[in-house]
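Before I ask anything, let me first share the structure, which is written out below as structure tokens.
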Amino acid sequence: MLDQLRGDVLKANIELSKRGLAKATFGNASAIDRSSGMVVIKPSGVPYDTMTAADMVITDLSGKVIEGALRPSSDLATHIELYRAFKEIGGVVHTHSHFATAWAQSLHEIPCLGTTHADHFRGAVPLTDPLSDEEIASDYEKNTGLAIVRAFDDIDPMEMPAVLVASHASFVWGATASDAVETADILEEVARMAYHALTLDPGAEQISDALLDRHFLRKHGAKATYGQRS
Amino acid sequence: MLDQLRGDVLKANIELSKRGLAKATFGNASAIDRSSGMVVIKPSGVPYDTMTAADMVITDLSGKVIEGALRPSSDLATHIELYRAFKEIGGVVHTHSHFATAWAQSLHEIPCLGTTHADHFRGAVPLTDPLSDEEIASDYEKNTGLAIVRAFDDIDPMEMPAVLVASHASFVWGATASDAVETADILEEVARMAYHALTLDPGAEQISDALLDRHFLRKHGAKATYGQRS
Amino acid sequence: MLDQLRGDVLKANIELSKRGLAKATFGNASAIDRSSGMVVIKPSGVPYDTMTAADMVITDLSGKVIEGALRPSSDLATHIELYRAFKEIGGVVHTHSHFATAWAQSLHEIPCLGTTHADHFRGAVPLTDPLSDEEIASDYEKNTGLAIVRAFDDIDPMEMPAVLVASHASFVWGATASDAVETADILEEVARMAYHALTLDPGAEQISDALLDRHFLRKHGAKATYGQRS
Amino acid sequence: MLDQLRGDVLKANIELSKRGLAKATFGNASAIDRSSGMVVIKPSGVPYDTMTAADMVITDLSGKVIEGALRPSSDLATHIELYRAFKEIGGVVHTHSHFATAWAQSLHEIPCLGTTHADHFRGAVPLTDPLSDEEIASDYEKNTGLAIVRAFDDIDPMEMPAVLVASHASFVWGATASDAVETADILEEVARMAYHALTLDPGAEQISDALLDRHFLRKHGAKATYGQRS
């Protein structure tokens, strides 16, 4: 099981780079084996083109390295908070993808301006509160995770599989690392569309709940009609 | 005849992906055989890189599947309304191409700001009215088609082969599925040019009727002088 | 001589497409043999990927076809006016390259905001006056050429090898068709830079004459110091 | 040693072109051998695809050519001022990369709006003062270098390895030419992100010193925790 996760996590990390979502080494993907509570994550600062499955680092949910010769991604503690709080997710991706990051830097959530957005995210993609100086000074990565979890107090993470960390960038999740990569790719496109729609008309408003639900539920949940899964 | 249409529709769908007009599975192309009234359309949610001609679904103009093991694109009912209302068209394409979608999200038609636009579309590319909650709740895709048809009350669909569906994206058509793909590609470029012209100068205005007609009629209709078709 | 020009013009047209300056068939390049007064130009509406040197059309300076089975580019009459008025030029290129066209659609000249611009164009890239309805109704392409020439009343076309035609797109020229392609490529980048600088700060102003001349003359004229040509 | 530097400088110049940071011949990289005081730099105006290591020009710190048949880059004198003032740097890169140049043309420094920026630059990327007409008229390239050095009066060039020259473009440096190329690539992305964040919300503000230092020092200096360098 962990061997397969190692391969999945390697592939997800490489895919981030291939799709242009993670320039240089800005980005990382992880997955969790829920039965054992083991997390598989990218090592810190290793170039995508030389990484192998054996370089993946395995830790437990306290962040202790269980297997692997390299240091884990410096964002490990954020991933772990997400796995602890969001019990249904199996993979997490962090990227500095361009337009999602621009939104995070502008300190605005991404409003739901159209059906491309509604097909994947049930409402505006939320923005965390900024961290205080104290939260930054100690356990910064863990506190980033806690800020994300706080932003989801009344949001279902399975209906909103992404967040913007204020002044930083996005975290995205899903059933698997590969699903999280796919969603990160769509988040970037949705962020870019909302940028262009809003700079064209700053008064553009969110779509109606009726249209939002019609699209979101066409692709998600028990009554989904999209695709070949019936 | 249907065998050839199946190949044409497959090719048109693949071309949408290759030209960057349809990210992931956001997009679909169809064609109609006017003699039999049969519509050939992409199956729902199948990745472009594994689709074959045999996967294409054949339906009649009531939307009933006549041939094909897969479910048709969830946008089938919209395509059908277009084929029913616009008798001269042979192919329809729906994409969430980036800039056309940004315009649809901003709820503005695309004004005709230059000759690149006028070479292909005789005037502003129209925007549908938003659907009411009732129209969204039942027969959503069919109602989308009806909203498009209403927007063409006094517009000739052969002189304006594209529309923006409010808060959604574009539908584009032509004599064949392949023509519709070509027009979808040009619509995206025209939408992107108008975005950049208008953000540079929000006061930019539509071109004169004289210039619009000069360019449109240079490429279309009985007196066309462009190309080698004399 | 004409055989070589045919090859040069073919190559220039293909290069326009390869560099992304001419989408679909939006663009054309020509060259002139000054000794014979013969103009070699792209045929109208022929796709770039199937064009051969033999498809190039040869005309005289009145626009009469001397050699070639195909119809010349519909913009031929504009090219001819440029060759007649600007005696030192040997090649002309017309493209709808994206950002230069957005400027033409916004009806603004491209201000000289930096040294990238000044290295290639001695001042703002001018914009023609709009054509009147009468000028559009008859001899449209020739009148487009005359409007360009009028815009250069007090500008040296060798120091300003490009123009924006109002609501249309750019024409660019040079000693050869190949030089004109190179300049068209740089014009597009300069237009894109000016777009981003001005949308960042709408108050951005043109550079000083001292800086403009320092850069322009570093690369052009008798005292040029750039490159290996000393 | 100089042979290796020649290879490094060639490679850095080619990399600038490959990464899309230097269109046409707009860009140059150099390196210095601190033991001998010899500078290796790209020749002026030679296309990237035909340059060889033997074409690199070697000069001393007064700008006198010591080895090489070709003329050095016209920006040599600027590189030399940087090597003279910033004793710890080993490589310098000058590019007209798109968004960094747009910022230079808008005459604004690049504010630090997020952690992508803070990971690499400790604060806003500074902008030089404009050169006076006298500074432009004589020793222009040397005066450009002096203007950069003046902008670093109270900035550590190892914590801020980049600058915008007013109305011109960026200069970037590092321990080696290759490091400078990497930083030039990241500068371009950071400039593009700041453009999009600020055009989305012109009121976007710089991040707190706490967040800036947390990120910058995670990757730089004695207490760095990023990567595998422990």
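Letters are used for the chains, namely A, B, C and D, taken in the order the chains are written, and counting of residues starts over at 1 for each.
Heads up, the rule we're going with is that contacts are C-beta pairs under 8 Å (C-beta built on N, C-alpha and C of every residue); 3 or more make two chains touch, one makes a residue touch a chain.
In this text the structure is predicted, and so the values were computed from the model without any measurement.
Shared contact partners of chain A and chain B are absent; no chain touches both. Hopping across touching chains, the smallest step count from chain B to chain D is 2. Shared numbers divided by all numbers used gives the overlap of an interface; between chain B and chain C this overlap falls below half, so the copies present different residues. Averaging C-alpha coordinates per chain and comparing to chain D, the farthest chain turns out to be B. For the pair chain A and chain D, the distance between C-alpha centroids works out to 33 Å. Here the CA centre of chain A is 47 Å from the CA centre of chain C. Shown for chain C are the residues that touch two or more other chains, namely 198-199.
Each chain pair that touches appears in this list: A-B, A-D, B-C, C-D. On chain D, the positions that touch chain C within their shared complex are 23-24, 26, 43-46, 70-71, 74, 96, 98-99, 101-108, 130-131, 133, 136-137, 140, 167-169, 195, 198-199.
Residues of chain C touching chain D in their complex: 113-116, 119, 182, 185-186, 189, 192-194, 196-201, 204, 207-208, 210-211, 214, 218, 225-230.
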